[in-house]
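First subunit A sits with subunit B, and in the next complex the same chain sits with subunit C.
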Partner chain A sequence: MIKKHLYVLKSPQYVIGLFLLVLVIVARNIGMDLATLFNDSLIKFSMNGIFVLSLLPMLNSGMGMNFGMPVGVVAGLIGLCIAVNYNIVGVSGIIVSMVLGCLVAVFFGIVYGRILLGVSGREEIAGTFIGYSFIPIMNFFWTLAPFSNRQMLYPIGGSGLRPRIGLNAYFGKVIDNSLYLSIGDIGLPMGMLLVYVLIGGFLIFFYRTSIGKAMLAVGENPNFAKASGMDCDRLKKISVCFSLALGAIGICVYAQSFGFIELYDAPMTIAFPAVSALLIGGATANKGTVLQGIVGTYLFQSIYLLSVPIANELLLPEVSEIMRTIIANGIILYALLMSHQRRNLYGASL
Partner chain B sequence: MERRYKVPLLFLFLIVGGIFLSGLSVNFVLNGVINRFIRNGIMVLALIVPIKAGMGLNFSVTVGAMCAQVGYIMALALGLTSFSGSALALVGSLVLAVIVGWLIGLALNRVRGKEMIATMIIGLLANGIYQLIFLTCVGDIIPVRNTSIILSRGIGVRNTVDLKVFRGLLDNLGVVTLFGIRLPLVMIAIVICFGCCLYYLLNTPFGRKIKCVGDSIEKSQQVGIFADKIRLKSMIVSTVIAAVGHFVYLQNIGMLNVYTGHLKHEIFASAALMAGGATIKDATVRQGFVGLVLFHALFIVSPQAGQALFNNPALGEYFRSFVAYGTIAFALIINSEDKKRADIARKPIVEYSDVNM
Partner chain C sequence: MDQNKTLLKVTDLTKHYDAECALKDVSFEVKRGEILGIVGANGSGKSTLLNILYGHPVIKNTGGYMGEFYIEGVKIKQNEPYDVMKLGIGMVHQEFALFNELTVAENIKLCKEHTRSITGLNRYQELSWIDDEKNRQSAEETLRTLGISLDTSSKIESLSTTMKQFVELARALNREDLKLLILDEPTAMLNDVDSKILMGLIDKVAKKGISVIFVSHRLEEVLGICDSVMVLRDGNCVNYQKSEMCTLKGLANDMVGAQIKRSEKNGRLIDKEVIMKFDAYKVAYPGEVLEELTLEVYKNEIIGITSLSGHGKLAVGKGLMDFYPTGGRLWFKGENITELSCRDRFRKGISVLCEDRKEVGLLLEHSIKDNIGFTANQVFHQYKKYPKLKILSPLNQKALAHSVDSYKSFLDIKFQSMKQPVKQLSGGNQQKVALARCLATDPEVLIISEPTRGIDIAAKEKLLDYLRIINEKNNVTLIIASSELEELQRLCDRIVVLSEGKCQAVLPPTANSGEFGLALSGIGGAINND
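Up next is the complex of A and B:
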């Protein structure tokens, strides 16, 4: 039996880890509070982690990175808006929005999955543009949908949701503040981490079940999976629904921590940082694990978090945002170039 | 009816409906369309060569656009004006476009089958690098003679740079007004001439090699064509045409948004080409021009139509961006479905997937 390593560090993780270390040293030298930074990094980590995990089901069933993540995120936003509209506050609010978001996401996933099945081999670019073109459609919805809560609507005119809806009166930071553990200067947002661990654990458990294993097989070798009697199309559709539902949960967790629901064009580029976080963790273009997602998210979000104050201090304030796009897209491009080189070398392409 | 006529006809239908709803005069729409035709015409042509070479839509035409902007800023930084400045800007941007196109081509040869997503990421990455250079390097690392284009803090180029010194070289030549429609004949001739050149290029031996590689890499290898080399060259051609296209665009507008001027051009150009009935496997110059007119006519009409229909101009805006992205998404989806149908026709009768799990 081949010994399975839980996690193998490779050169990209070393490089990014080293970069992070340099950033931490610089941050200490310019006199920033490392404890606060660590606390913030934990929040950022658990805020964005679910987006990264939401890429895994589709990636592992051979559909590539889910660049169409906005579709799932929009489903989550619908859930959040309904919960706010009916004034559901506290923990029940976030749970209601998650459940509703998941339901809408599954509905979207059925349609989206059907479309993606037709474009096999080009899922990534098709997903990108389906996501992009879905956002203007939803802009129609946000403008015309019959929401009645005055806090959500434009103050003048009274029709159409605001681009930013404050959540502090409803369920802003409920998960952030629950089970908050402070040890000295360091604060551990146990609630957030617990939600994150629950979802990660659920994914790991899912890949132990027969349907999860079948999905992995479809991703690894679709012809073999088909020959051994699996319904590839159905498994792929399920994985799309699963991905979108996790995306919906992700935006619920994100929005309650951020304190605002951001509508309209906000979800447009949400997929790119998540994809590059998963790739930093060591996922390839056709396989990724939960642990890779977790490690990648922590490295990526910590770099994001540290780069802002450092860029403000040392360089110009506008540079940090640009640095982020360069880092995120550079990693995706690197992974694309490398993965195909490997495939060409071993001739493993199907 | 053949599918390649369906999309243009749908667009035509929407435009006619939009004109009726919005109450805009046909003259106004035509003037707008002609203006946009001469501005965006060459950029659309840049997409045709990679499609013929089997690489799909080239979303990194923005990189070509960036090259043109670099050329202009270079000319301005040296304090050159009018003809000499334009000439330097053009030469500079072309040289840069050749280099960058070569690099993109090298990258794309490593990602066969996933060229489109790769070009998209390359465009985004190049945008970041471009912004970083002009925001932090110009003024301190790269010295500039003409300090009027630099921000007051001494580092970085201003957000908008005036290109009036280069304006009026071509676009005011041979303007004829017919029935209230302004026709800049020289510019239209230049764009159409470019189209003809491209048409000619695609029928030269080089063009035939491109089509051969686009049909099948294996077959082209068998007849002795180096597919990678042809793909590299077609990428260079595409980037160079894109640079020229953006050069003409900026020259016509007379103003340069340094950090945002190049964005979204790839989306509009691709959507225009697809609106003309092109697919991601095949496109012609004629489809490019027809699509350009249709897409931009719809673009002009839709905000007013949204205002008239829903009493809300924002909805027209949303419809506009939906048309831009949706046309591309539609082309990506539909084309593969055709391929799938062809695959099914070839498949053996017994299907493994009939066995449920």
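Up next is the complex of A and C:
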């Protein structure tokens, strides 16, 4: 009888899980408050989770990891800035930012998708460079765009957006604080988790629909999809727009929790931790599931969260940033090596 | 030179690929300066024979071979192409093995370059300076003996197909110790005039005392230049004699084999109602180009398309799926469907199942259920739970499970659970799943390429029966492209034979093997539309 496992732990998850356990034990021994750490881990988890999920549509349509995530994030930032500019506060502020962000993301997605189709098979590297080159272009936009809210502009000169815009007067932590549940020392940010679950749930539902199945087919075997009369290019473009829109929602959720809109070069490397997290979760270079994204995000973000104070305590102060870089990029390399080995095994068995 | 001395002797050569026997007890010998022609249809063991002879790694990786080789009386063992080269055997491959970016001289002298010795050391030869001038002279010398004038400094990519073939030949000949030259379908890419020139060159080579093994499907050429001819069929040597003793018809007969079983469909009456029409249909499928097909397909008929490999039979299905550029016109029930997309053709009722089912026919990682329902769901909006949601509607798993069950019992597909990924099934069952996927779209015309490729014999028989049932009970018009002539003869009402991408003959299934053999080789055959 063939059993269908909902989720299978493989060696990467064991290794990372073990590492996390060691970190927890060390954290306890050096006298850190585990309850606070757990609360923080939940916040970090739901803050970053949507970025990880935003990789899935493109990954499952055979376009690889979306290293061009900054494009979607910038779309979300535009949405946020417009909401702040018109002084929309509270829950309506975050909703307006998300909706506007999604619209801009779809517009960007049409252009970005067209470029990616032109470099078919090398989407990941093209995406990386599109992300890198898009940010300086948008830097012009941030300095020149006609925003008028004084709180957002450089105090001196009065034109051009600040690199950091505080959100506390608008909709900072609105989702964080809604439906917040305290059980003793442990606090559950139910609002954040709810948003996360909604988006994850929508993705799961999406991959059960006709169009979702068609996208999976394009990702697994474009020839098959073509032979069944699918318009592969169109499906890929839709998945790019979808990925970018999720990226835009992701930055809205992230920014309200963080309390600041960070402009200019801030989104430059946003894709790498997300890609690492998805790969830790067990996604391969051409397929990933929502569950893998969730597990990966929690493992990865918790390690991030724990390793920083521990490294500062045990090693030199400020070593944490170096650790972060090594962890995030090392895991990408590890996962790429693993998937390459798998492919070789598969090739030999043919 | 002693013309009667045996150069190569092969005894009892046998090769198995897993359980399948590719070659069985083949023995032959080649004398000095003799040209041996090897003839055979697809899957007759020609390629296997050449691979063994040339030490292709695939042979070693699949368990080696049995039998013995002697060159000038000395027993040899081929491990790698390089070893074979050192023995004085040269090979000209069917597909060009030339480097486009290098010049003619560089290609000809590759791996045997003249070098300038500065230190006189024997070590580090691979680091020594290449003597371009000497290489050029040597290459020109070889080309001159072949009677070809060609600028040796021009790059391969700028040459015509014919010239490339000549350069290949020159590369094999450019060595003093050459004893045996193996030519694998050297004329396949050439037109008649150029083939004749090449034949002349081969003759010249043989006159110099070099033995030649010449593999071709063009029977006239083989009879024209070879001293003796060997015919392979299903791995057996069915005929091996001097070419003077052979006739064109005899060879064709041997090649196809007298395996006619009475067609069970013989004499079936078909209404001559045209359902689909190919009008000078062309498909640019690389390696399998269809040059021109004009054919009227009648309703409810089973029509077979056959050809040797590379002659266009598989291009029909690929062209209908828009995989490659096509030309000419297509008609379906009197309507011009040339411009329609693959999706719209599906909607009209034309379904295609390609020969490469793992690449095109199935989603291997997806479940059986997903595979069977896929096309019907995507193209015909079947199995939708809430049709009003259109593309966002989830699948109606119950209805889908119901149809999977019915296909399971109809086609006798064996699986444990319909949620099992298709890659876990055997080849025969995979093919049935792919077939069920096409049937789920309720087609009027079904085009199938190589329906029984990679399927064991028992499953093959059943699959052919199902095809007949589909045709009779479901009134599906079938167009079957296959290299298995015997299958087509059992199933089809008419068989189209293609040669060089053109329609050579339309034969009834009862035609004898000689007629098929000649038509396959591009010689005889009448267009018989009855």
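Simple rule for what comes next: the second predicted complex is superposed on the first by the 344 of 350 C-alpha atoms of A that agree within 3 Å, B and C clash if a C-alpha of one lies under 4 Å from a C-alpha of the other, contacts with A are read in each partner's own complex, and residues count from 1 in each chain.
The criterion applied here is as follows: a residue touches a chain if its C-beta (ideal position, glycine included) is under 8 Å from a C-beta of that chain, and two chains touch if they have at least 3 such contacts.
Just so you know, these numbers come straight off a predicted model, no measurement behind them.
Applying the stated contact rule after C-alpha superposition, one finds that A:Ala217 touches subunit C and leaves subunit B untouched.
By the touch criterion defined above, A:Ala227 reaches both subunit B and subunit C.
In the superposition on chain A, contact is made by A:Asn139 with subunit B only, not with subunit C. With both structures placed on the common chain, the touch criterion links A:Arg208 to subunit C but leaves subunit B unconnected. In the superposed model, B is the one of subunit B and subunit C that contacts more residues of subunit A. In the superposition on chain A, A:Gly121 contacts subunit B only, with no contact to subunit C.
Once the two complexes are overlaid on the shared chain, A:Gly90 sits clear of subunit B and of subunit C alike. Subunit A uses residues 214, 226-227, 229-231 to touch subunit B in one structure and subunit C in the other. Per the touch definition, subunit B reaches subunit A in the complex via residues 56, 107, 110-114, 116-118, 120-122, 124-125, 127-129, 131-132, 135-136, 155-156, 310, 312, 314-315, 318-322, 325-326, 328-329, 332-333, 336-337, 340, 352-353, 355-357.
Of all residues in subunit A, only 67, 115, 118-122, 124-126, 128-130, 132-133, 135-137, 139-140, 143-144, 159-160, 214, 226-227, 229-235, 272, 315-316, 318-319, 322-323, 325-326, 329-330, 332-333, 336-337, 340-341, 344 touch subunit B in the complex they form.
Contact residues of subunit C toward subunit A in the complex are 321-323, 341-346, 352, 354, 359-366, 370, 374-375, 377-379, 381, 384, 389-395, 416-417, 419-420, 424. Of all the residues in subunit A, the ones that touch subunit C in their complex are 1-2, 4, 205-206, 208-211, 213-214, 216-217, 220-221, 223-224, 226-231, 287.
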